[in-house]
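The same subunit A turns up in both complexes below, where it pairs with subunit B and then with subunit C.
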Partner chain A sequence: MLEMIIVDGLSFSLPLFIMAIGGIYSEKSGITNLALEGFQGFGAFTGAFVTVYLYGIFGAESSVPYYAGFLFAVIGGGIFALLHALLCVKFNANQVISGVVMNILAVALTSFLTKRINASMFGSNANKFMLGASSRLTIPIIGEVYPFEVMIVIVSIVMWYVMYRTVYGMRLRACGDNPHSADAAGINVYAVRTVAVLISGCLSGMAGMSFAYSVSANFSPDIYLGYGYLSIAALIFGNWSILPSLFACLMFGFARSAGSAVIHQLGLPSSYNDLVRILPYVLTLLLLVFFGKNNRSPRALGQVYNKGQR
Partner chain B sequence: MAENIVEFRHITKRFPGIVANDDVSLSVKEGEIFAVLGENGAGKSTLVSMLFGMYEPDEGEIYVRGRLEHINSPRYAGSIGIGMVHQHFRLVSNYTVAENIVLGLEPVSKIFGIFPYVNIKKANHDIAELSERYGLKVNPTDVIENLNVATQQRVEILKMLYREAEILIFDEPTAVLTPQEIESFLKIVKGLRDGGKTIILITHKLREIKAVADRCAIMNRGKLIDVLDVETSSTDDMARMMVGRDVSFKTERKPAKFGDVILDVENLTVRNRAGFEAVKSVSFQIHAGEVFAVAGVSGNGQNELADSIAGLVMPSGGTVKLNGHDITRSSVREHLTAGVAYIPEDRHNVGLVLDFTLRDNFPLRQYYTGKFSSNGIISKSEFESYGEKLAEAYDIRSGQGGSTITREMSGGNQQKAIIARELDMKTPLIIFMQPTRGLDAGAVMNIHRHITAERDRGAAVLLISLDLDEIMDCADTIAVIYNGSISKISPASEISTDEIGLYMMGVKTA
Partner chain C sequence: MRKFSQSLFAIIISLAFGALILWLMGKDPVSAYMDILRGSGLMEKVKYSGRQNMFTDFMSFIDALTPMIFASLAVALALKGGFFNIGIAGQMLFAGFCAHMAALFIPSKIAVIVIGFIAGALIGALIGWLKYRFNVNEVVTSIMLDSILMYLITFYINTFYINPVSRQSKSIISGARLTLSGFRWEGMKLDIALAFPVAIITAVILNWFIERTTYGYEIKATGLSPHAAYYAGINVNRTALMTMTLSGALAGLAGVSYFCGYLAAIQPGETPLIGFDAIAVSLLGGNNPLGCVFASFLITVISKGTIYMSSRQNIDIEIASLITAFILTFAACSSFLGRRRK
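Right, the complex of A and B next:
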């Protein structure tokens, strides 16, 4: 049972984590990002579409559709995120409103497109793309894991390195604290922020595709269950730092899988599973109330940056 | 004879409704300290900002080292060896000193020869060396937000030196420093000149110009009045040229006649938003007819002290009595009816509703009284006549009279509007928090006259200011606040500026 809790917990925590890293990139550069939910959904949509399409060419046994799906989820999430960047960085829109609009737009657009594509390309009237269950790898000690978990671990190490060790990361964090000083140091604040939002979209797309595989084995509008908001909670709880956010994500994941396991063990009806799903959210609420006070958001977060303004 | 390193030729710059620079031509020689003197709005910042690429001139040309340059961005200015320290520092608050200095020009090394990373060790080492070489003491690994203003200023200077700037521009560099810090800043500037740098100093403080500058350009209303050799000119001449008329910087004051105790503060303790005790067990009394001034370096609890006496913040301990009546835990309105007027530091966010008209801003403290409204309905005509009366009495100038949106008014007139509103209530206690920050000499004198007039009327005045000259000019009693405690209270006639400075920095304690 413990092994099950760990395996299930990880498969939920890691996508959450990679999305939280995306959020940290955006917010550390100074752009409020409530749009993670929409990014992950849109990324999952493009990824699932490409996967289903490639099943027709390579067959369901090939691993090409799987990895191509993830690649296109990253690209799709990134492209969708550029819209948020365009509104917030170029046109100085209110970042909270832009984020909410992104989320609504993603739900509407992907539901519509899924139905239309199913009808015209695959001759079905379903509102989902069936992916099938992902294969699993066996890793010593931990047990069976999805291949995307390995990818996430590698990508998150790279993202940590970029954020805290490279020139770009240093400039990005400066933009989120005091864009005027970054500008005075010869840094193009607009470019740094646009790339940061793009990265958040790419990573969220990767997370969305992971959820599509692990939680439901398909892409449908059910993917908009609030995972994006949960990862925002994780990054706030992690004080906008990557490592502490990992702990928050792990906690959320294990709370969820342990809850499921307990329900299963007690032989309660599966409807109780819905109750368990709220556990991470309740936990978030409690933790933020008690521990969130000393957390400090990036100083310039959400502020429109105008070069001329002094 | 030294070469001209910078030449402005016939520079004109217009902003909507105003000519900021009108056909200004002047040249700066290599290796000199060149001061630009003028009141607020005289155009000195605009002129120098064009050299740093923040604006481009509408007409005229700028030559640097004999070459015509179109400086269209600070980045370009940096590339031709021009650096600038702004009045408000441009530092990343949660970065270390070294990280701030190297930002944008980071030393990069590679792990295994492939993965590039910012070599913070090398940065720390380089900055320590740089700081040593120029005698600018900083610790490369300190985090900016923990440092005082003077140290942050040294970091800004090192930032320019790290970029190998040869022409260093300072915009009002001493506005926020204590007398001792100003002394050491001036020494630094001289040292930089002796090291071969060219310094351009924007200021309105004559004393500093006299102390360090070689030559001085004087500007008034966008025009260049003259360029003087500092050594052979008197400060009186400079002042006259700056203001355009004879001025006496001393406000005429009758000796104070103290009356009864109006404000009695006992063991007042105030926590700031982060929960720290920003004001620690402070006690003092202010009499009728007394200007009680609190001096101190910014961030030593002044804001919390003023806000708690005005009732905006609830103290965590101690008592505040007005005319013997306890107002420690009263609401803002109860403070008002008890008789506390407050001219806050932040005139934009606390003092005014910026998007209201001038006439709607005047009755903000009294709109609910029978004079301005009945049964919750506002009397427009009363607003109008009151607005006209105050604008007239306090000489508040605005584009469209009472219907002017206050956001569009100049800082000086905004401040006059707040002062008119607060003083017209004729309260027994008036709190002035940094009343002249960012205002020009004329407006400053006007406000100082008001302070003296209120005192002579018999009001108790609490004046909190970072500007020591202001305190010396206005105060009857001087207190110094350091680290949340009042370290010294003395009659103004018995304490010198230097001594106050020592208390301000905590070198001397009571």
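Right, the complex of A and C next:
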């Protein structure tokens, strides 16, 4: 049972974590990102489409569709995120509104396109892309994991390095705290922010594809379950830093899997799972209430940067 | 006037965009758009089934419109006061749920409205209080509360209040429902939204409240610049609390007119989508209460009329939300394109 809790917990926490890292990139650069939910859904959509398409060419046994699916989930999430970047950076749109609109647009666009593509390319009426179960790798101590978990671990280490150990990372953080000084130091604030939002889209796309495999083994509009908002809770809980956010994601994931296990063990109906799902949100809210003073968002978060304005 | 032209610009561009998509799919955009108008009872359909005509269609359209008006008013008021109430969906759900529970004991329409108003106001007040007492960002609180309320209510419905056939909550008894469903009149079967007049009156009162009263002035001043408002002697904390309480109350009215009117039951496991659409609808309406009524009208015409259009033209029903999403996207950037030109 303990092993099951760890395996299930990890397969939920890690996609959440990679999405939270994406959110941290965007918000550290000064762009509020409520659109993570939409990014992950759109990424999952493009990834699942490519996977299903390649099944027809390589056959379901090949591992090519699996990895190509993740590649295109990253690309799709990134492209969709560019729209958010366009609105927030170029058009000076209100970032919260843009985020909400991106989510609405992602749900509408992916539901519509999934049906159209299914009808015109695969000759079916379904509103989902069936992916099939992901293969699993066996890793000593931890047990069976999905291949995407290994990918996520590698990518998140790289992203941590970029954020805290490279020039780009430092510039990105400067843009979120004081864009005008950053500009004075010769940094192109618009470019840094655009790239940051792009990164958040790519990482969210990866997370979305992981959820498509781990939660439901297909892509359908049901993928919009609010995990994007949960990862926002995680990054706020983690005070906009990557390592504390990992802690928050692990806690959310294990609380979820342990809660389900306990409920299963006690023989309660599965509707009691909904009570467990509340935990992360309540914890985040309490943390903000009691330790809100220590919790510091990037100073220029959500502010439109206008070069000519002083 | 500028806001009006911006909204018009967003609508025209999106309708052109939608027409392009319809054209690419090999459909005639003009007849598709006319079918949208027919579906929402604004044009005569080719044929009607028994006891139905253009007027019954229009009445069901009004039924769908009512919650959207309340929800967009809630967003507009909060935005005037400098708040993003993106928790409309959660407040609606909570108010609808409380009204459902109350109707078990007090089966009265007035009680449903009052309970919805109070329940929404409580959640709004909580968000406002956390904001000024602990400085917790209202966007974050709203998101957290949305999920908490959704899971709690889902749990309660699934455990104690489920209709095993429909997999939804039990239906509210018709004596407390805010929509008279299947009302017979002159040989027609009508859905009469009793809350609709309330919605229109609320919009007019809200407009007067914001533009003509001291409280309204304080809300606007606080929204534009809290520091300036503070130095002008306005009690900023009290104003913030009042703004969020009222906004929550309006969301509560949206909730009861949706869950105890337009629908009679609550679907567990999801928050109402119009709670999010309302944010952009309010934006489209220039955050003006009367503008909100028109914007709600337009968005509901599209979302309601497209059901008929999609079956007539053999197009996927998802096109409705797609066109709506385009309007909202263009509304989000067009108003700011305009601001940049200043």
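Definition applied: the second predicted complex is superposed on the first by the 286 of 310 C-alpha atoms of A that agree within 3 Å, B and C clash if a C-alpha of one lies under 4 Å from a C-alpha of the other, contacts with A are read in each partner's own complex, and residues count from 1 in each chain.
Note that contacts are C-beta pairs under 8 Å (C-beta built on N, C-alpha and C of every residue); 3 or more make two chains touch, one makes a residue touch a chain.
Predicted, not measured: the structure shown is a model, and the values here were computed from it.
Applying the stated contact rule after C-alpha superposition, one finds that A:Thr138 touches neither subunit B nor subunit C. Once the two complexes are overlaid on the shared chain, A:Asn103 sits against subunit C while remaining clear of subunit B.
Contacts of A:Gln265 after superposition on the shared chain: neither subunit B nor subunit C is touched. By the touch criterion defined above, A:Ser181 reaches subunit B but does not reach subunit C. Number of subunit A residues touched is higher for C, counting subunit B against subunit C. Contacts from subunit A toward subunit B in the complex involve residues 161, 165-167, 170-171, 173-174, 177-178, 180-187, 299, 310. Within the complex, the subunit C residues that touch subunit A are 25, 84, 86, 130, 134-137, 139-141, 143-148, 151-152, 154-155, 158-159, 276-277, 279-280, 283, 316, 318-319, 321-322, 324-326, 328-329, 331-333, 336-337, 339-340. Subunit A makes touch with subunit C in their complex at residues 32, 34, 83, 86-87, 91-94, 96-98, 100-101, 103-105, 107-109, 111-112, 115-116, 119, 226, 229-230, 232-233, 236, 269, 271-272, 274-275, 277-278, 281-282, 284-285, 288-289, 292-293, 297. Only residues 74-75, 78, 86, 88-95, 99-100, 103-106, 108, 115-118, 159 of subunit B touch subunit A when the two sit together in their complex.
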